[in-house]
Structure formats: C-alpha cells, structure tokens
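Below are two complexes that have subunit A in common, paired first with subunit B and then with subunit C.
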Partner chain A sequence: MLKASLTAIVPILLALGCMGILLAVLGREPFTFYADMFQRGLFEWEGFQESIIRSAPLLLIAAGLIVAFRANLWNLGGDGQFLLGAALTAGFAPSLLDSLGVWPMLIATTLIAALIGAAWTIIPAVLRGRYGVNEIVTTLMMSFIGIGVANVLVKGPFRTDVAGVARTDVVPFDERFPLLFGTRIHLGFVIGVVAILAVHLLMTRTSLGLRLRILGASPRAALHAGLNPVRLTVIAFMLSGAMIGLSGAVEILGVQGSFRADFDPAYGLLVIPLVFLARLNAIGSLVLVIVFSVIQIGGESAAREAEITSDVLLVLVGLILVFMAVIEYFRVNRGLGTAFVPPEVADRIRPPGGDSPSGSGPAIGTGEVMPR
Partner chain B sequence: MVAAVPLLFASLGELVSEQAGVLNVGLEGYMLFGAFLAFVVAYNTGSEMLGMLAGIVAGAGGAAIMALLCVRMNLDQIVVGIAIILLAEGATSLLHDAAYAESRPSLDAPSELAIPLLKEIPILGESLFTQNVIVYAGIALAFAVGWMLHRSSAGLSVRAAGERPEALDAAGVSVVATRVWATLFAGGLAGLGGAYLAIVSAGSFTPFITQGSGFIAIVIAMLSRGRTSWTIVGSVLFGLSLSIATALQLIGVEIQTDYVQMLPFIVVIVVLVLFARRSYLPSALALPYVRGEK
Partner chain C sequence: MSPEAQTAAAGPLLELRGITKSFPGVLANDRVDLDLRAGEVHALLGENGAGKSTLISILSGMYQPDAGEIRFEGRPVEIDSPRAAIELGIGTVYQHLTLVPTLSVLENLMLGSHGGRGKLDFTAAGERFEQLAGLLALSFSPSARTGALALGQQQQVEIMKALWRRGSRVLILDEPTSMLTPQGYEELRRELEHLKADGLSLVLITHKLHEAIELGDRVTVLRAGRKVGSLAPSELQGRSESELSARIVEMMFGEQAAELAGAVEVEGPAVTRKPTGGALGEVALELRGIALEGDPDAVGLNNLTLELRAGEILGIAGVDGNGQRELAEVIAGQRRPSAGEVRLFGEDLVRLGVREREGRGLRYVTDDRLGEGVVGDLDIALNAVLKRIGSAPFWRHGAERRDEIDRFAEDLVDRFDVRTPDVRTRIATLSGGNVQKLLLAREFAGEPRVVVFNKPTHGLDVRTAEFVRERIREAAAAGLAALVISTEIEELVGLCNRIAVMSRGEITGEVENTAGAEERIGSLMVSRTGGGS
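On to the complex of A and B.
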C-alpha cells in the first residue's frame, strides 16, 4: 500500500516539476505559483473547503470510470453523461421543488440524472457487446451529442426568463443539498465518498465485481466461465453512466444551482489519468481525486494571480499521465512491480478474444491477408 | 466543403496508421499542434506554404511522442492518446494565451487556385473548383495513399503490421519501424489538416479550434475499411454536416447552432448502428507488438 502510494506520487511530482519549468519559460514565477496553489487549495480553510466541494462530482465520475475500465470498457462519454445529468437536474429541480418540496426533489432529480446517464450508455454498450464496435468512438460520439442535447434543453424547454445568457431557474440556496456540520461542504461530497466505497466493495467483494473483472481480463475466459459478455457489458456501462450522470446532479444541487448554457467543465477526460494513477483502485482514486481537486482549485487561483490561462492545468494532467505511463514502463521492465493496471486489464497484450463468436473483437472484413 | 479538408487529411493519415495497427486516439492533439504552429509560422513569416509545412512538422512531433511511448515502449495506446490530447489542448491554449491574448491577430485571406475549365460549371463550379492548392493536393494524396496501400510493397508492410505482425517480422521487415513511420505519417497529415483549419478555414487560431474533428477523423478512418475512396466520401459527408449551419443560414433557414453541431456526431452513430457488422479493423489494432511473444 505504501509502495503503491509512493509510485503514485512520483508522476505527480515529476509533472509539477515539468510544469514549473514551463512556467519559468513563459516568464512566470514557478515557486510563487506553487505557493499560491497550495496556499489557496490546501492551507486556507476557505480554499480547502472549495477543494472538497470540487472533488464531489469528480469522485462520482471516478467511481463510474472504475466500474467500466476494470471491465476493459472505455467509457469516454463522461462529459456527455455529466452534462445531461446536470441539465435534467437543473431543468426539473425548480418545478419539482414547487410541487414536491425539498427532499423529494433532491431524491427525484438525482434519480433522473442517474437514469439519463445510464440510458446514454446503452447504444455504445449494445454496439460493443453484440457487434464489437469500438466503444471509444461510440461513447465519444454520444458524448458530443449529449453536450448538444443538454444545451438545446437549457436554451429551450428548460430556459428561464432572464436576460442575457440562457440558463435554468436557480434553485434557492437553502433548497439545495444540505451542508455538513457548519462548513460549506455539501451532501454531494458524502455521496461521492459513498459511491467510491460502494464501487470498491462491488469490485472486490461481490460476484458481479468478479465477473466484471473477468470480462475485463479476457472475454474468452468469461465465455468459458459461462458468463454473458453482452449483459455484463451493458451492466457495466449503465452503472458507469449512472454514476457519472449522478455527478452532474451533484454539481448542480451542490454548487451551481442552475445550468448556464454552454457550461462544460470537461471533467470526464480530466479524471481518467487520476483513476489510472490509482491503478483503477477505488480507495486510491479517492485520495488522488482529492489531491487533484486541491491542485485544481489552488491552480485556478494561482493561474489568475500569474495572469495565465487555467488551461495550464490541462498540461499538468497530461504530463501526469505521460510520466505515469513511462514510469510503469521502467518498473515493468526492471521487474520492480506490477503493472499500473490490475493484471487482468494489463493482459491486453493478448488479442482480446478476437476469434470469439460473441463478437467481442473487431469483425474481420474481406480477407486482406498477406499472401505467402 | 472547406470543413471536409481537415477531416480528409486527418483521416487519411489515421487510415494508414490504423492499417499498421496504431490507433491514434490523440489525433485531435496532433491537429491542435499543427493548427497552432502553422498559425504562428504563417503569421510571422507571411507565407502560407511555410505555415502548412510547420503544421506537418508539429503534427508529426506530436505523433513522435505516440510513436516513442506506444510503438517503441509498448505503453497503452489509448492512455497515451488521451494524454496527448490533454497536453495539446493545454499547451496550445497556454501558448496562445501567453503570446496573443492581447493582440488576437488573424491572417490574411488565403490564396485560391481556380481550375480553368471546371470553374465554368454553373452553380457548383465556382465554389467547388476554386480552392486553396492544398485541397487539390489532398484529393490527389487520397488516391496516392490508396494506391500505395494496396499496390505497393510498402503498403503491404503497413497492412501486415496491423493484421499479422508476426508474419511481417518473419519476413524480415521491422514491425516497429513500419508502425513508427505510419504513426508519424498520421501525425504529419493530421497536423496539415489542423494547419488548413487555422490558415485557410478560420484564418486564426483559437484554443480548442478542432472541436472534435480529430475524433470524427478516427471514425472516418475506421469506416473506410481500408479503401481511400470511402475516406473521401466520409470526409465530404461529415464536412457537409459540420458546415451545414452556415449553408442553411445562407438559404435563410434558421436552425439553432446546437442542433447543427450535433449533426455530424448523430450521423456517425446512425452509420455505426446501421453498419456495425461491416466496420473493418485490422486484428492487431492497438495491440503492442513484442517480438517473440506468443
């Protein structure tokens, strides 16, 4: 456990170092930047609360990604699922609030968000499960469509009569997620933590988790074990989508209160490096997401101070991913430890059941085979 | 039509790369690198040509990262691809902000070349056949690539690298080298596509200018099933759906931009649902090749 945490820290440190150099090249003071970042993100109570608040949706996204990734299913549709969950929550919340009251509204909207997130994964899931269509492409496409639909909804049926940028009706502060213990941290954070723990238990202690992991390791093995890859694929995807959709609800009900048109923080892609860094382990992801939230909140503030775009954090995340991959290469090569993904998923060196009849591999077209 | 060109270049490159077994998820990143560097060079030198060249170099540079990490070091292609996209988005946004936040420059109108006879065709002639030189080069390139893939031994090596790398290795050709070249080719072309986007299509660079074109290009490459004629068709189709907004406005039809922006992606999903069984992918796609491993 300790060694695992150490190896997770190293890429982050390397990436931070690299970014420091980049900052220096651009004429900004790296040390001041980092000082600002940690000051704001971690040491100031206000800032730390912000970080925890920011981590709430990210935790849910991480939980959703882990369920899919461990089954070797690339759910890259996170952004679409997140925004749809958020849009529907923001759209229905005001009217539900009036007719039902606070708690029923909260429960109803979170359910709706989870459902739409799950529903949004069905097409990619079926295409992948039954026909072997690459889910990277399908989830991405659905994501873009989802972003569009969310915007259409917000600019259309859900729009409230306010001049300026289109947005939904604001849910009054008192009627959102309750706050915890006199801090500004809201219930969403608890939901996020619960989700992570639930996924951890699911993956490590339940038979469903085992089945999903087998599917991830080798669809052929899954077939031999009598599992149904299509059903498992759909289940995994829907669970994943549901959690990410829920994260959208958390963002609205916990932080934003309404959905502004063209709102898109693109969390879906950002969380991916974090879950990999944690080797798709749920508890590890919990820690790393919080660490990252600190970096993000602090970084946004530091970026403003340094008069630089906050997109600089994208570079940081990309670097973390790269360094992580490179370090794993060296570790595996020198026999120092396990691969950065659980051994099941690392076995993609072998063809993923390409000749299995259930179509889990790509379909072979006209025989373009090298003549001998 | 103009929107189709970046897609055409990027998907052509990706087609070759996929045939060799490398899935460049980071294609969007190569395009961004290409667009940015092309813009910077074109802006500072005033030369379109140099800008385009810069785009190729930048894209290939991005692909070099992929080649090194995935082909040579056998790291996971998808993870690295995502990393490249994040890096490209962040870096180009950062550099653009640092250099041009105040000034927001743009380039002069791009040069056009009209084909004499064909230009005279009524209605379509003027717009279809008066394009930047690069466009004609692109179409020619598509045919050239198609010929190369299916009728030359280089193309054979490429396809073998994707289909059965062991066979290629047994024949004495370096699988790694083949894949590296294919990846760089994809990067260079994607960079060129990005360059076109910045120099000709938009006239300037804005962060995230590619708006998912890289992913569409990946889909086009997958749907092309190894035949470049389909690549051209796909690019035109998606290019049309991308630019249909402006076209509709010209005709006077008012449709919300969001609907229109979704259109290409919906088209992709529909196409995939209809043709799921027929998407052709090489067997060894996205799998690292390690010599001697069973």
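On to the complex of A and C.
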C-alpha cells in the first residue's frame, strides 16, 4: 500500500518540479505560486470549500469510470454523458420546480440525468458485447453526438428569453441542492462520496463486482465460468453512464444553476488519468480527485495572483500524465512492482507483440498489479 | 534395418549424429540421427510434439543443438544462423507463408536475397525466375500480385524463394501439404520429382503417414523427441502401402513407444482396464449429429455422434487441433452448435447455458488452465468458486461471504493436495500441476454426473499426471461418466473403456479398449488426419 501510494505521488512531485522550472523561466516565483496554490485551495476555509465543491461531479465521474474500466470497458464518452445529464437537468428543472416543488424536482432531475447517461452507453455496450465493436471509438463518437445534442437542446427548446449567449432558465439559489451544515458545500459532494464508496463495495464485496472483474481480467474465463458477457457489458456501461450523467445534474444543481451554450468543462477526460493514477481503486480515486480539485481551485487563484493564464494548470496536469506514463514504463518493463494499469487493460493499450502478457501460459504473472 | 547397412558408394550429403536439444522441461530431440543423400526425398514422420520442428529448426540455423554433430559432405559444420544454413545451400519452406501479399512475386523473391547495394537488379532476377519456373514447370507471371495467387501457387513462390540463391543443395519442406488441395498435392508431387531429378535433396516434414510413404524415398519416424525407426529405400520399394503403414504404425505406437512413455504408462492398461458391459449404467451423455461451422478460430464439427454411459470412461483420441476443443465446448455450453442434440440423461441441453448445465451435473475441465480455467489475478479461494458466483452459501443477496468461500476452498485444497501457503494466494503463482488439481477439485465438487476432461494431464509431471488419472478412475468407479480427450494414446489405453478417434471435426472410428487397441487407434489417427501445426 505504501509502495502504491508512492508511485502515485512521485509523478505529481516530478510534475511540480518541472512546472516550477517553467514558471521560473516565465519570470514567476515558483515557490510563491505553489504556496498560493495550496493556501487558496486547501488551507483557506473558503478555498477549501471551493475545492470540495469542485470535487463533487469529479467523484461521480470517477466512480462511473472505475466500474467500466475494471470490466476492461473503455467508456471514453464521459463528456457527452455529463453534458446531456447537465442539459436535461437545467432544461427540466425550472418547469418541474413550478409544478412539483423543490425536492420532487431535485429527485426527478437527478433521475433523468442518470437515465440519459445510462441510455447514452447502450449502443456502444451492445455493439461491444454482442459484436465486439471497439467501444473506444463508439463511446467517443456517442460523446461527440451527445455534446451536440446538449447544445441543440439548450439553443432550441430549453432556451430562455434573455439577450446574449443562449442558456436555460436559472434555478434560484435557494432551490438547488441544500448546503451542508452552514457551509457552502452542497449535497452533491455527499452523493459523490457515497457513489465512490458504493463502487468500492460493489467491486470488492459483491458477486456483480466479481463478475465484472472476471470479465475484465479474462473474457475467456468469464465464458468458461458461465457468465453472460453481453449482459455484464451492458450492466457495466449503464452503471458507468448513469453515474456520469448524474454528475451533470450535480454540477447544475450544485454550482451552475443553468446551462449556458457551449459549456464544456471536459471533466470526463480530466478524471481518466486520475483513476488510473489510483489504479482503479475507488478509495485512492477519492483522495486523488480531492488533491486534483485543490490544484485546480488553488491554481486558478494562484495564476490570477501571478498574473499568468490558468492554462498553466493544464500544463501541470499534462506533466503529471507524462510522468505517470514514464513511471508506468519503468515499473512494468523493469519489474519494479505495481503498475498503474492492470495487465488486461495494458494488453489493449500497448501495441501487440512485444512483451505484453497475452495468450495462455506463465506470462499471466507479469507485473503484480492492483491492490484489490 | 539401420540406414548404414544400405550406404551406397557415395556418402550422405548431410548427416546428423546424436542431435540433442532440450527446452525447459522438455527434451525436444534426444540423440537423433538422420542421413540425407543427394537426389532423394527423406520423409520425417511424427505426431505434433514429436520433435520434427525442432530438428528442422536446428538444420536451418534457428536453434543450436545442445549436443551432436552435423556433417555436410562429410565435414563437420556449425549452422549457427539462418544465414549460415543458406550459405551451405540449405533452404527451408515453412508451414506458414512468409510472403508479403501486396508485393509482386518477383519483389517477394528479391526480398529474400540480400540487396544491400540499393539498386534492384530486375533483369538478373527475371532470368533467375525463368530458370526456376522452368525447373518447377510453373505458370504464373513474375509480376503477379502475390496475394492474388492461390495458396498452392503461393507455396510454389515459397519454394522458389528457398531455391533463389544459386547452389541450393538441400530443401526442407515443413508440412507442405497442410494447405494444399488434392490437385495441389499432385502438383507438389511432380515438383518434388523435378527437383530430385535436378540433384536436390529434400527433407519433407509430415504427420500424415500416406504422404511419407508416397513422397519419401526414405522414412524416419520420430516419437517423443527420439528416432523410433526408419525405412530405407530398399525396404520401401516393392511393398504394398498397407504393409508399410502397419510397420510404421508399429514404430509410432507399438511396444517401443510404450517403453519410451515410461513405466507408469506401461503398467496402466494391464492393471486398470475395466470389464466392459455389465458394470455400466444408463446413457448419461448423448450427442446426435452435432455440427458446427468452422471459422479461422475454430475447427468445424460434422455430424458428430457419441454415447457415454454412467460409470464409463470414453476416450477421444486424435491429433491436436482436429476439433476436440470445439467438441468439449459444445458439450459444456460454451459454444452453440449449428445442428444436433446434446442430451444429458435424456434431457436436451442445446438451449441451456454453461451455468444451467453445471447445475445439472455436467462439468468441463478445460485444457487451457491459465487462459480460461482460472483468473490468474484472483486468489485461489475465488477461483474455487468461479463457477458458482452469486450462489449460496458463498453469496447472500449478492454480498460476498468470505468465510464460506475460504472454508470451501480450504477443503478442496486439502482433499486434492494443492500445494499452496493459503487460499488467499494469487492462483497465477501456483505451478501448472497445482492449478490442475484445483480445477479437478472444483469440477468434482458437488454432484458431477458427466465430466469432460480436455487433455487432463497435458504438461504435468509424471506423479501429478498419475494423480489426475487415479481421480478420474475413482470417480468413474463411483458411477461418473467421463469423457477424456487426449493426444496420448497410452493414456487413453490406460484409462478408457472405449476410445473414439477424431479427425477433421469428425469421429472417424471407435474401438473397444482391448488388446491391440493402440495400433488400431494409431492407424485411424495418422492415416486420415488433416491440417496440423
């Protein structure tokens, strides 16, 4: 466990180091920048609350991705699922509020968001499960369509009559997710934490979780054991999509209040490296998502202070990824122990041949992977 | 008997003496001798795994022998690389095509010759092509796109490629007929005659008996890495094919083979051959007219009919890859046949899935232990309940009950003597034998009524193999119906009441396990089998 945590932290430290050099080259004081970043994102109460608020949708996305990735199913359509969930929530919330009241509206919209997210994965799931069509391509394409549909809805039927950028009616602040204990943190964070803990229990303690892991680890063993790969694929995808769709509702009902056209924070793609960094472990993802939120919130503030664009944060995240990949390479190829990516996933992302453990035989033992 | 007795005035072109090559855990070649004379075809016959491929890999410079000597024209040579083999004039045509389909025939041929000079000499290449095409009597154009040629023609291109460099003396053909039609076979036969007439020596690798007899001037039989016999030209001539077949089958599966397979096997049949008839119960498993479409990953099955009674052990013999695995998967429910019935005690199972068949007492011990039998990254305990996920008492309302699972697994580990520190150990860290014991334990748990064993002792050490066989015998004595698929005839003879032979997805014959069964099975197996590997 200690070793595993170290492998997650080393790339972050290396990235901070490199980023520091870049900041120095740009004439900024790296230590001041980092001090500001952690001050504003973590140690100041206001900033910390902001970070927690930011983490709420990310936690749900992480939970959704883990379910799919553990089953070796690449749901890369998170952004489309997220935006559709957000757009439908923002579009239906005002009228549901008028007709049903606050709580029924909150429940109905979150359900709608979860359902649309789940529905958006059905086509890739069936294509993958039944015909073996590569879901990496289909989920990305569905995401593309989803982003388009969300914007068509917001610029069309859901649009409200105000000048400027098209957007939906704003849900009044008091009628969004309730805030917790006099803080600014909203219910969405609780939903996120519950989701990720639920996924942890699902994957480690239940028969469905074990079935999904077997499907991910060895489709042939799944067939031999009498599991139904098509059904499991659909279940994993729909669970994944539902949680990611729900994250869209959380963002609208917790933070935005309305959906502005061309809103796209690209959370889906941002979370993918985090869950790999946590080796698809739900608890590890919880921690990393919060760390990541601190970097984002604190970093935005620190960037303003240093009079530099907040794009530097993307560079920082990019650097973390690069160092992850490098460490992954050394861990797998030099047999240093824990890899970021489980072998069954690694098999699919590495080019065929080479030293990937494929087929039968003792190669199965390559890399001691993933604390379960 | 010995080839030396027939030594002609001229010595052999190529001599192999005492070639030994071992790989971890396998003695692939054990003191093999081989002579090749100018202008003759030497057929090397043996089953898959007999050591043919290793031997030709040594000849073509891919492997170095651990011991032994190679002499070329009487002087010792060291073939330490494929290039060294080519320089001696030894060309090899591998079983699988190595051509680039998008290039023309001529371009493919020129790829083989080393062209470090940058400029391709198409004129010289064209001349060489005409020479070889004349020699082989070929009819396609050098500018034809290789991928557009028929498989037989592509193989001819491979032969040209092997002879491309002037001064070829020896041509090795690895299972050259595996992809040929009957017409292609006739054509190959004519080509071999042409090449022989041109003074070339040929080594022909095959696992088909009739090919060895028809095409070979001299036949050497390999078995389990050893040369178990050979027939010189004088012995081949003037004898009928059936007479020769009988001799070779005896070499392959007769007493000599039994000796080689080790003492355990030899005592087997005599002691454990069961009385047939009376002791058997009702029909437990019945297959009627099973058919399966073949595809690149699966051998098709054709009109397969079998019957297995309670308390009976039925063997399925055959060269590996003739549909045995597909048959097992059809029975287990992992593969849906396109036609036919699978009945378990009279009940048609065709519409039922793996779990439902499992629940009715049908079990399958797979040959691919690590690939599909277990999930390597899970621990032993979870693998022990792999086929019972979600069912009581191991899960309740979907929640895992770890104590129950561990207790069940510990019991299996104890009873089947699985060597492991504890049941929470990752199963991929166990040896193959221990994994197999766990699989047996898992499939024997509960109330099995019919068990399909696919190569149950493959790759196991002698003791574990005997342990496995003993468990199968015990279970059958207690009324279990067992279907044992194996490529080892001795094993089947030591275990089964009846043995069916499978070839190209069909049952080609069935024999009662009585004295002399080995030879009858052997000839059924060798004479009609199709594409091997």
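Everything that follows uses one rule, which is that the second predicted complex is superposed on the first by the 335 of 372 C-alpha atoms of A that agree within 3 Å, B and C clash if a C-alpha of one lies under 4 Å from a C-alpha of the other, contacts with A are read in each partner's own complex, and residues count from 1 in each chain.
Here is the rule we use: a contact is a pair of C-beta atoms (placed from the backbone, for glycine too) under 8 Å apart; a residue touches a chain by one contact, two chains touch by 3 or more.
Note that the coordinates shown come from a computational prediction; the quantities given were computed from them, not determined experimentally.
Engineer: Can you tell me whether subunit B or subunit C touches more residues on subunit A?
Structural biologist: Of the two chains, more subunit A residues are contacted by B.
Engineer: Return first, second, both or neither, reflecting whether A:Leu210 touches subunit B, subunit C, both chains, or no partner chain.
Structural biologist: second
Engineer: With both complexes overlaid on chain A, does A:Ile12 touch subunit B (first), subunit C (second), both or neither?
Structural biologist: Neither: A:Ile12 stays clear of subunit B and subunit C.
Engineer: After superposition on the shared chain, which partner residues are touched by A:Pro273: those of subunit B (first), subunit C (second), both, or neither?
Structural biologist: It touches subunit B, and subunit C stays clear.
Engineer: After the superposition on A, what does A:Ala71 contact: first (subunit B), second (subunit C), both or neither?
Structural biologist: In the superposition, A:Ala71 touches no partner, neither subunit B nor subunit C.
Engineer: Would you sort A:Gly226 into first (subunit B), second (subunit C), both or neither based on which partner it touches?
Structural biologist: second
Engineer: If I apply the document's touch criterion, which positions on subunit A are contacted by subunit B in one structure and by subunit C in the other?
Structural biologist: Correct list for subunit A: 361-362, 364-365, 369-370.
Engineer: In their complex, what parts of subunit A are in touch with subunit C?
Structural biologist: By the definition above, subunit A touches subunit C via 205-208, 210-211, 213-214, 217-218, 220-221, 223-228, 342-343, 359-362, 364-365, 369-370.
Engineer: Which of the residues in subunit A end up touching subunit B in this complex?
Structural biologist: These residues of subunit A touch subunit B: 22, 26-27, 74, 76, 123, 127, 130-131, 133-134, 136-138, 140-142, 144-145, 148-149, 151-152, 155-156, 269-270, 272-273, 276, 308-309, 311-319, 321-322, 325-326, 328-329, 341, 348-349, 351, 354, 361-366, 368-370, 372.
Engineer: Provide the residue numbers of subunit B that touch subunit A in the complex, in ascending order.
Structural biologist: Listed in rising order, the residues are 23, 25, 65, 69, 73-76, 78-80, 82-91, 93-94, 97-98, 101, 156, 159-160, 163-164, 167-168, 207, 212, 215, 218-219, 222, 225-226, 256, 258-259, 261-262, 265-266, 268-269, 272-273, 276-285, 287-288, 290, 293.
Engineer: Of all residues in subunit C, which touch subunit A in the complex?
Structural biologist: Going through subunit C, the ones touching subunit A are 332-334, 353-355, 358, 364, 366, 368-378, 382, 386-387, 389-390, 395, 398-400, 428-429.
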